[in-house]
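Below is the structure I would like to discuss, written out as structure tokens.
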């Protein structure tokens, strides 16, 4: 009898890779610091997907835990990052990263 | 369900540091009206001192705890002491500086303590989670510290850049960890290594890819080319005391984790990473040194120089023998003294509303502030690798490790680079001693704490240059069992 | 007394030190005593030693005294040591003797000079060095004296250093001498190393000469030629003679002592000293003889047109030195030394006489501004006259004997040749001509003296005239110690020097058969035989030639003073060529001095500044440029930084990929 | 030999440092006190160094007054000091010249006297240390330590116009060469470690090592580059004229007198005995460079308009002799070479002193600004003349003995070298005398020169020791040669033994030890 | 058969959710308005949460929804609003070569990751902590591990959050 194969882990991992890459591209191209940051969050998120996938298919709990910590860290980073954006906006009236180049060379 | 064994003695120094961090926060709340926050600095110093004392008592024993996630071995001990020294000096130079720049918040000291905690965890973690969390604790604290001078556009910009790129790099690091996890099913460094060895996973593409990502992630922290580009901007913009902290502490922590991960978990990949790191080391040294030549801001110049120093340390990393790794430890400690010392001089030469961070500003101070200039000269020469200063001995070990492994060209490129570096270090001394001042710098106020830091840094630099034996044998003992 | 040979150089050294340190403090009186008496004591010592020496049988007339080890390095060992033998003592006598008289003369001559103490300091130093040269028992110490006298010559030529011409001349003398020394030093090296190959590491004369037969002829020839280059420098032979005429910038007694009587003869002395070596190298001897005779006639010709009295004497000195070299070159070492001795007397005298004339004329040197001084300064005239006769080779005076000896040997010696004799004889005639030209222009004819000067022309003081008279006396009788056998004399000089120079001659004969060239040379000499009649004939011929020279001089400068001018205009080109000394100085200037200067400048500006520093600065510039360019990458934009990170990551990944493929 | 329980060589190294520390506590306004204290320190240092000369056992080639302690034990780096016939004389030269340098800086240095004196004493420590160190790392440390005070001396107290350029050039040139040496030292260390299992940087131990010839070339190259820059040999010499010219008088004196010797000393102590086969094979190259240096230095020197530059280029020429003699590899050559090192220190040192004295008076060094000084400064003229003559190697002065032996040595080893180098004798006389003539002779053309004061007592006191040395060394060289005979003989014996054997075999010494 | 249907259903959910999440992330990157971007981010997070459930990680899925989608993105939106950036930030993309090349390079990265994960299935050690009980009772299982093995990192996270909080406060606080 034909059995539908279970979803292979590779697919999840490829999806994670796609999301990660999109995140990287976004982080590289978007001008708005907040959007850049969101793209980075996307990257972290895709890593989490990888972790969970591995965890699932290796039958090990560590990946889940790691993902948990990543989320916590992402939250912390978000708090600090947004505070920095606020501060930046106050001092520069913009959060376009391609206008922030006082420091160079 | 088995409750975990909790051995608090094992993490006693970390606990002390964390506790004092909270204590400082608390005290600050109760005495929030006080303008002068220097007392918080003193409290921090006490904490750091205690932590250090506790760390020293652990010397000699190797104990693992918390489900094997944390280890108190010689390696951890060496780095703990290094970080605590860095923190100690940073706090010392901060007390006057924060007051002057209006960033004297209680949180400032607390964050330094927390960052130190993060660093210590990075060095002592044997589980990738600990290393990751330590790294984040450190990084987030420093994102904040870098942006402390909220009124200063540069400081804010530095914080932004550091934050965005730091988070970006974290993404890569995490992906690397995920791939390791996927390939080996473990996050314990030792287990990773043994699994790789047992299953012969040396050609596993996932692990190779993770090697790439880890290189990016750690390369960012240690500021190696091409992941270095944030360094000059952030070092320039951040408050000077934090720059000193970053340049020494973060770099040291980055190396501590890099070495731990690569040598404990991925030793089998040495042939793979060697040539990449070779290239990175050369590029890092060269770019750092060459670009430093044309800088006009001393903080920026020191930033490039710190990139170059990362390159030198990578030379030892490439060599990868016990000589090299102990050389890395020695180098980081020596670098801590000389670099913080140099930044202390930068701080001392500024005053409120007048940072005097242009190299031009150093013209003619040589005979006006003779001791300050002499100290600066010592630090610069030490960084240039002139004996008998700590920097020389550090380079000596690093290059000897390379020579031992027959990386002759690497060593030659390294020493040639250090000859080039002499030029820009000398340029500062040229200005200090050989030129007449363009404008008078007067009314400098030397905070006693910063002066104390300066003295300590001088002593440290000289000590490590003239009597390197003790520190070196300490470093050599420290790496036992690492590899 | 032999033990005390070191006293001979010591006295002048003491004089030098005393004058040097105390001269300025203690004044002229002190200097006037110390200077001459130091030399006088040396002279006395030399006389004592001389008499002791001749008291011994000829074979035992040799003594060496080592003072201390000097340079000792491995198998190289030289000492400060002096030796006494007939040659050195004879030279010492001449040097100290003549020096003594000239010192005394100088007391008068230099009396009003502000540099009086300095002058005597230098002069004493000179004598010290000269005695080292002469008495040394090894090549190296000889070289010390050799260079030392060069130094004193330099100092004394440039004595009036405020005059550019004087300091230039001094420098020129030193440098040209150094060129010669270059040869000398190489000669020493070659000698040392080639003897060393036979296990004899030495530069001591005795040992060198005793073992000289171990050397192969080619080496000896090279050594002797190199040494002769040294002699050329010191004794002003072609092509290194150019410094001597300029050296006349020094005070006249200096010219007399150093540049006529003593120092310039060092080369001759050296060749005579090394006669053993030279005798083994016929080619070198031929070269010495040819250079000598060529110099003799060449500089004699220049002497024709000189108007400066000291220049005339200078060229005459060079010419006479040529004779001496001719003598030693044909193997007649004792003849050379004999001429050296008589020349010291009469040439010293001539210079002193010229000095006396200058003294009378307030420093005038140009003979065209003299004339008819005969009556006004009679002592000077008579002594000058005697010396002129002597140098012209008029029989009965010292010059006749010594010069004739050389001429005869040039003709008859186994190394001699008819042509050598001929040229030398012609040169002798020329000498007679220009010497008498000088005599006539100075002392005879119409007075052309500047009227301002004319009225206080006066004879020199006693202190100057007495030495003149003594030297005149010596110029007359000096020759009688070497009257040749053919004239019934005993030729004492020859006999006396035989133990030193005889051995070489014999050795030379042993070697003579080897070289074809020397056989060719020898043929004519042997064909002539040694007949007394021939010798006498030659003598007569040379006297006749000399008389012809005198006659022409008389014709030109007394009888018909307009004639020289006519002739000069007739052959203007030739005249100017000779008058300008064949433009040799100018040639050297272009060839050596200017080319070296431009080479120096070229290397400095071109190589040092442009190539080396250019490279260095270029690298620095390159690094600076790189620095400036690379820093532009740091745009300050976060995303560029992130881009760099990605790029780095991709490169690393690519590397692993490629590595994986080729693994 | 110890003084107060401290061995004498350590005394020599650290006494000046102690002096520098003492100076720190003297008020910088009290210029006279600073000068006197420094002078006293340097004098005592000189006096301490004298017993070395007399207690030195000249019959043995072994190192003497040896001190050997661990410095970095785990690496085999030791604090090992000792002197032999070669370094003995250079140490004495150093202490001797330092005293004179302090004396000649008496009036010349009027601002920042304290710092100046401290730098000088510091420099002395570095120099002595480099000369007595027998451990490669220790040597390297002192070698680099010398740079800094010298750099400051040039940069702070130098001639305002180009001092910075000169100081940096000096530093970078030296540094560029020496860092490669460091790599070579390390390579040598590991080769030895592998071969013998002994972790050591002790040169005496490393001498015994047999190294494959190919490796020797590389290592010798690195060492030679460092030393050649310091010497300086021909194409690496361009830092010297600048450094010499811009440095203050005492700086030039010490630079010429001692620092340059570090290069030649390095060759004879390290580069040659460590890598004898390579040294032997590269002999033609080094000799050629040395000869080019001799002639080139002389020619360029001739055309210099600036007195100090002239003397500087003459140093290039003189040190060419030193190198040539050393690479003659025979007794005369090597001894002459060592002797010439001393001579150059004395003669060129004196020349700089003399130029400095006139510079102090006129504040110009251009030859064209002078002329006829003999008239107004007769005493000066005498000293100048003596020193000039010593520099051109007139017999009876020190210069002659050295030059003669070197030329003799070179001639023995290769006639062509000897002949070519001997031409330097002519050129030497030409440029020195021409310079002397232009400065001292002729009429006084500039009115400023008419009222120049002759030397004062202090200046005469400074110069007299030099003149005494010039003659002493010229007339009785045995005094000095006897000290180095045994050492040089042994040096050559060992060298020849090594060259005759195959490269990668250990030295005869080592074989003898193995046999035991 | 039932299993087959279940698996098929899983496939359908997976493909659908994967498609939506990719689409959402693409829109996140391309929308000009940051608010829109934020919303697409939420969408993406929700999709991923679904995938977590597919992978039997209910706990993380909950966290994902609550913390990520709920808290973090709301915070982001809040900040965007607070700063009133809407108009100012509509500037979208600005072309530059580095961005273009960087995009391509990122694709290379993707290829690398793709190759890494596709070439070999995960080789890691198969653990034992996923029991059938755990799968159904995921939250409990996670809790147990978290408070035993991962207690220490958990404590560290607490400090990390304090740091973040303190930092956020001090940075965004207006100067007195």
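Brief remarks on what is shown
Letters are used for the chains, namely A, B, C, D and E, taken in the order the chains are written, and counting of residues starts over at 1 for each.
The definition used in the following text is that a contact is a pair of C-beta atoms (placed from the backbone, for glycine too) under 8 Å apart; a residue touches a chain by one contact, two chains touch by 3 or more.
Values in this document were obtained by computation on a predicted structure and should not be read as measured data.
Path length between chain B and chain C in the chain contact graph, taken as the least number of steps between touching chains: 1.
By number of C-beta pairs in contact, chains A-E lead all other pairings. Look at the CA centroids: the one farthest from the centroid of chain A belongs to C. Spacing of chain D relative to chain E, judged by their CA centroids, is 71 angstrom. Look at where the CA atoms of chain B average out and do the same for chain E: the two points lie 31 Å apart.
We define each chain's centre as the mean of its Cα atoms; on that basis chain C and chain D are separated by 38 Å. We define each chain's centre as the mean of its Cα atoms; on that basis chain A and chain E are separated by 6 Å. Residue positions of chain B with contacts to 2 or more other chains are 129, 133, 136, 140, 143-144, 147, 150-151, 159-161, 164, 168, 175, 179, 181-182, 185-186, 205, 208-209, 212, 232-233.
Those residues of chain A in touch with two or more other chains are numbered 13, 20, 23-24, 27-29, 36-37, 46, 53-54, 58, 60, 62, 65, 69, 73, 76-77, 80, 83-85, 87, 90, 97-98, 100, 102-104.
For chain E, residues touching at least two other chains, in rising order: 98-99, 102, 106, 109, 112-113, 117, 122, 124-127, 149-150, 153, 157, 160, 163-164, 167, 169, 171.
Every pair of chains in contact is given here: A-B, A-C, A-E, B-C, B-D, B-E, C-D, C-E. Here chain B touches chain C in the complex through residues 160-161, 164-165, 168-169, 172, 203, 205, 208-209, 211-213, 215-216, 219-220, 225-227, 229-230, 232-233, 272, 275-276, 287, 290-295, 420, going by the rule given at the top. Chain B contributes residues 1-4, 6, 11, 18, 21-22, 25, 66-67, 69-70, 105, 107, 110-111, 114, 117, 121, 127, 129-130, 133-134, 136-137, 140-141, 143-144, 147-148, 150-151, 159, 175, 179, 181-186, 191, 195, 199, 201, 204-206, 208-209, 212 to its touches with chain E in the complex.
Interface residues of chain B, counted against chain A in their complex, comprise 128-129, 132-133, 136, 140, 143-144, 147, 150-154, 156-161, 163-164, 167-168, 170-171, 174-175, 177-179, 181-182, 185-187, 232-234, 236-237. Put simply, chain C touches chain A in their complex at residues 631-632, 634-639, 642-643, 646. Taken in their complex, chain E has these residues touching chain A: 3-4, 7-8, 10-11, 14, 18, 21-22, 25-26, 28-29, 34, 37-38, 41, 44-45, 48, 51-52, 54-57, 59-60, 63-64, 67-68, 71-73, 75-76, 79-80, 82-83, 85, 88-89, 91-94, 98-99, 102-103, 106-107, 109-110, 113-114, 117-118, 121-122, 124-130, 134, 141-142, 145-146, 149-150, 153, 157, 160-161, 163-165, 167-169, 171-172, 174.
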